[in-house]
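Shared between the two complexes below is chain A, which pairs with chain B and chain C, respectively.
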Partner chain A sequence: MASPPLSQPEGMLPPRSEVGVIGWLHANLFSSLFNSVLTLVSGALLVTGLWFGLKWIFLAADWTVIAELGGRFLLGRYNTEAACEGQNCFWRPQAALIMVSLLLGAAWGLRGNRVARTVAWLVAGVSAAFAFLPYSLETMGLDVRILLLLNLPAVPLGWALARYTPMGTGTRVTILGVAIFFLTLILLRGLPAVPFLQPVSVVYWGGLSLNLILAVGGITLSLPIGIALALGRRSNLPVVKVLCVFFIEVFRGVPLITLLFMSQTLVPLAFPEDMPQNSLFRAAVVITLFSSAYMAENIRGGLQALHPGQAEAARALGLPGWQTTMLISLPQAIRNVIPAIVGQFIGLFKDTSLVYIIGMLDVVAIGRSFIQSNPEYLPSARELFVFLAAVFWIFTYGMSYISGKVEDYLGVGRR
Partner chain B sequence: MAVEETTTGQEIEDIIICRDVHKWYGSFHALKGVSTTVKPGEVVVILGPSGSGKSTLIRTINHLEQHQRGDIIVDGIELSGDIRNIDAIRREVGMVFQSFNLFPHLTVMQNITLAPTKVRHWSKSQAEEVANELLTRVGIPEQASKFPAELSGGQQQRVAIARALAMQPKVMLFDEPTSALDPEMIKEVLDVMRELASTGMTMLTVTHEIGFAREVADRVIMMDEGNIVEEAEPNEFFTNPKNERAQMFLSQIL
Partner chain C sequence: MDTASRLLSYQGIPVWRHVQIIQWAVQIVSGILVVALVVWFFSNMVNAIQDRDIPSGFSFLSREYQTPIGEHFLPYESSDTFLYALFVGITNTAIVAVAGVFLATALGIFIGVSRLSSNWIVSKLAMVYIEFFRNVPLLVQLFFWFYIVLELPAIRESFVVADAFYLSNRGFSMPWPKATDYSIAGIWLGLAAVAIVAGWLVYRRQSRMEEQTGRSGYPLIYSLATALVIGAIAWLILSFAGGSSPFYISIPEPQGRFGNIVGGFTARAGLLVLLTGLVMYTASFIAEIVRAGIQSVGRGQTEAARALGLSPMSTLRSVTFPQAMRVIIPPLISQFLNLTKNSSLGGAVAYSDLTNIAVTMTQTAPAVSIFMLIMASYLAMSLTWSLIGNLYNRHIRFVGG
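Coming up: the complex of A and B.
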């Protein structure tokens, strides 16, 4: 060996087999005989799967069923004549959608976050794209198309609100979000006293919007309820502890379908008799509580994984018990169990489909009932369910993608 | 009220009074009637084999461990089960742990300013000003915006000292502050503690650092099996220990 490489070892290049394309192939795909065989076999499977899958999607499949389903896919029977007698109610869900675009724009403006920006433009963009669907003007009027297009200016409007007005604080945007959620419910449900907000019975609600309403309500409520239950389960007060354990074990121990059945008879008992209720409300209560029970156990797992020295250090500084919990224990516990929490959110979103049990037509049930009542589309069931699976996947993958970004932001696994 | 009288009589003199303190973990008798006092500005080092109750003793002083019998009076406040008294004492007593126990989800600056803003209700800018002074004092002013995991062990322990000092305590408790550190980092932490002692801070330190005890301590307490077996000035203690158990302990570590 010549002397320069010895005196300057940092100048030595790694062997060819360790760098570049060949190095990568060698390290990752062909590092041993067994791995090479594995690579070739799984590669062959992948190519065959893709070949037949893509061939079916682009050549064999007949997607007209999706087009035929149209708006029902998103709104169920909401826009039908029976739902909204003598009036046109189409603008109400559209207005709700515009508010959502505005809210997403505000979320983007708040922190200038790239993920929020992508989500906001994606939602508004897809909504606006619906305006150009090649339906006849009779099926899809000009007014609907204009309202859909209004989602595009709603995003920058929300962004500007959060940027340049006193609206731009986390608390206020959160309040705006909650307000928009309830406003959406009121818009869809209607108010008896207001002439242009004729009540629409929840039996006509349906489609993807029903899944989303149940999921958003369930997700935002099950996290705080779950936290409260987890803290209650670790409480020193025996009564609180026993109640929380009882609640968690009961709601975890009974299948959601059973709970949904029971909800129709049992939930009314838990609320004042004269309180107006409907099947959607009962289902939402049960789904939320069911999810909270699981959430509580996730959070409790996170709390138990904390080093006892963390709470000790906080107490030694003179922080009272509740501040120790809110500022030290909970933030770390939640951060550590983000994957489990998001898993629970995803589970909740998929479980919203189970409301078909109590006769509500969620996006899956709408598709099924459409095929049942139109037998000529029976052969298209395959296309329909592949499409539904893809829609669910897009939403759940979105959730895991965002949770990954949140983990990156919080530095999970790094500190 | 005999206890009240002695308390008021001694509170000017002694900042910590332990009288016949007993502590059981289940049926294990960890402290068997410990009595001692600490004067303001005194630096006391507690030595002893593991399991002798030294950590338990200093952890009873800010009530991280609850004693079952006897009295502990800190800064004139009787440490009873009363939660307000406990929080009052904890505000005046800073503690540094063997495993640092910095809050990993907060930056160095947030670690230090948390208690002053939440407990003392200082403004954020005031707390940050104090934090910056303290970070300079412990020698790491440039690390304020980092997270604990980005620092070395010695730097983390110095942040932990700064965090405890930010509450402007009257007493500092050190529970084996250098035991989790690499040798080259022990010195940087001991230097900070030395400087702190020279400013007149009252310190109770559990440590195995004999050099530190010799050089800095005003008094050395030797514990064994839940009892104080010897209490003396460091010179006296290290050259001429009276108790047999202390002689044996010193012959093993020196």
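Coming up: the complex of A and C.
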């Protein structure tokens, strides 16, 4: 027997106030009297805020200070007469940037990952777009512009390298990444007695590139150090445990600024006088260790939240202790605390702005010192710091966006 | 088993595979390495101090500091000692920390609850706030506020609200209670503490009665009334006995040709900028913590409370919030710690916090000793916050059963 056709009776359609645009408005903005008042008040706030904000950005604000600082935002005083006497150093950071584009291209080629593709094209695209900035050819030469444009072909080149050559394994691309990081440092620092690579003192490093170098180095190293500290803190060896707890608590208990000051006044005393000293290196070490102490606590949280049954099952299957940790506990613990870890990465990136304390001119300090030495730009301070906030925001928001994608991929909170 | 491996075995296991022996070896080696490193650093430092004639020791503490401190809440003269100047710095940091923690918690809870609002605009506004302030370095925010305050009108053209609140590029002034006579004020403060304890006892008694009998004991109303009545009686008696009330409200007033503000409490530009920056920045983190805490309470809890007939407000107050607190408190305390430590950025915006004073001191006093002292101070402050957090944590865990 055929069942009667299922059709919706005429009178059963949902009321018009519950579906579509009206339904959405009703549910989200005007569900009750209180909610309606809230909507009107906050809506008025939003509209006034947007009105004045946009009016300021497009009409009132004077952005010439940004144009005036221009490349100094990216490189600080690197490409000045004082930094590289008699030579032109502009190509060295440019070459490093091209290598980074190549690396990002390779990362994209490795997995065909959409996020990697977006990041690679974004970096290369923005760099190439800089080639068309409306500066005069004297301020920004044709050579600079051509080098910037070379970022575009670097991406597919890296992609092809990872796709069609034996370079295309995770380990090799990682090694390539580390090699490019050190090559960048060598390129920027220069080598004595090598033509075209005249040494440039780190004092002249600066701008956003300094923030990025410190952040990349710190992020790469603080994770393994943090893992080691977390494992040490949970270890049942009393000596190791006490040492790790002491390290973590001291670094977490004292402000980074105080530690940075100490790295400049006390740490040099703790090493023999004839040892080569480098203030930037000391600051980088302090930032990394500071971040590792926090990282250790995040990872310890992850390890603590893990059900003990996981480790017990692994031991019951006959895995030795270190394999239990490396293959069973740590991967799950780290996956569960990815948001906290990325939060710490973001914190580290923001903390790189504190190197002003040791006299380095990072992207924030270069802007501030420019305003202080050119009082005619004092009224533009607001524009300058809004711009700097936007620059940092783009990077940090990008990091949390990528972290969200990684979490989705690894199924955080779903498995 | 040949003799060699028998000699090198313990409990029948070769030593290089005996877990206990390996563990002890690892510990001894790492211990020796760390001790050796520390000894090496220390001897280098001692050598450097002797060779280069760097001053050391703690005798400087009783010397006169001879340097002005920009902003101080304790009375301070240049002729005061280093020790006292350090103490002034600690107070400055502590004041910013405590005021900042209160304001940031209030703002953070407000933003965090707004983020969860069913109202789309409110929730999105809160999200924009969080995503913006959380992702921009505090230093950039402080500099931004610094130049905003710099652009405020001069003190003579201050923004004035109700003839009592003044905002200018020098700072922000507001009415503030001041002691008429320190001894009478002190007695009243002591009695006020007694009143608070009495109120707390009444609160406990009434809520226990409420739990045991099921009748409404109105613990909050009774306890507040007790405390207020005791406080007011003490106030009246002291006013009659001493001829004037223990405290009066001092209202700021512009005076003289330059319109300098006298009376009330004035947060000078440095404090104003530092506090604004710290509060806005930390509130964004606290908002996320509050949101995560409230979301961690199972939906069934809210639904059950609503089914039992509790109003949305009572549900939030008696069901959701107490449970959320357990998740919220530990990360909240670490935000308090961060705020305290971040106040060391005060030097960048002309506020004399502990770090700023200490760094200035290193020009005329031994850096090694000073850094040891400020490390100890910060560690003590961190421990204080942790202690408060742990106590409170134990309290709510106990109540939650």
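Couple of notes before you dig in:
Keep in mind that, in the parts below, the second predicted complex is superposed on the first by the 384 of 415 C-alpha atoms of A that agree within 3 Å, B and C clash if a C-alpha of one lies under 4 Å from a C-alpha of the other, contacts with A are read in each partner's own complex, and residues count from 1 in each chain.
Assume a contact is a pair of C-beta atoms (placed from the backbone, for glycine too) under 8 Å apart; a residue touches a chain by one contact, two chains touch by 3 or more.
Given the structure is predicted, the values throughout are model-derived calculations rather than measurements.
Within the superposed three-chain model, A:T80 lies out of touch with both chain B and chain C [touch as defined at top].
Contact comparison for chain A: of chain B and chain C, C touches the greater number of residues.
Of the two partner chains placed around the shared chain by superposition, neither chain B nor chain C is touched by A:N374.
Judged by the touch definition given at the top, the superposed model places A:L38 against chain C, while chain B stays out of reach.
Once chain A of one complex is fitted onto chain A of the other, the partner contacts of A:T139 are absent, as it touches neither chain B nor chain C.
Comparing the two complexes, no residue of chain A contacts chain B in one case and chain C in the other. Contact residues on chain C toward chain A in their complex (touch as defined above): 23, 26-28, 30-31, 34, 41-42, 44-45, 48-49, 51, 54, 117-122, 125, 131-132, 135-141, 143-144, 147-148, 150-151, 337, 341-342, 344-345, 347-348, 355, 358-359, 362, 367-368, 371, 374-375, 378-379, 382-383. Residue ranges of chain A in contact with chain B, taken from their complex: 307, 309-310, 312-320, 323, 327-328, 331-332, 335, 410-411, 414-415.
Taken in their complex, chain B has these residues touching chain A: 62, 64, 87, 90-91, 93-95, 97, 99, 101-105, 114-115, 118-119, 147-150, 160, 163-164, 167. For chain A in complex with chain C, the residues that touch the partner chain are 28-29, 31, 35, 38-39, 42-43, 45-46, 237-240, 243, 249-250, 252-258, 261-262, 265-266, 269-273, 346, 350-351, 353-354, 356, 364, 368, 378-379, 381-382, 385-386, 388-389, 392-393, 396-397, 400.
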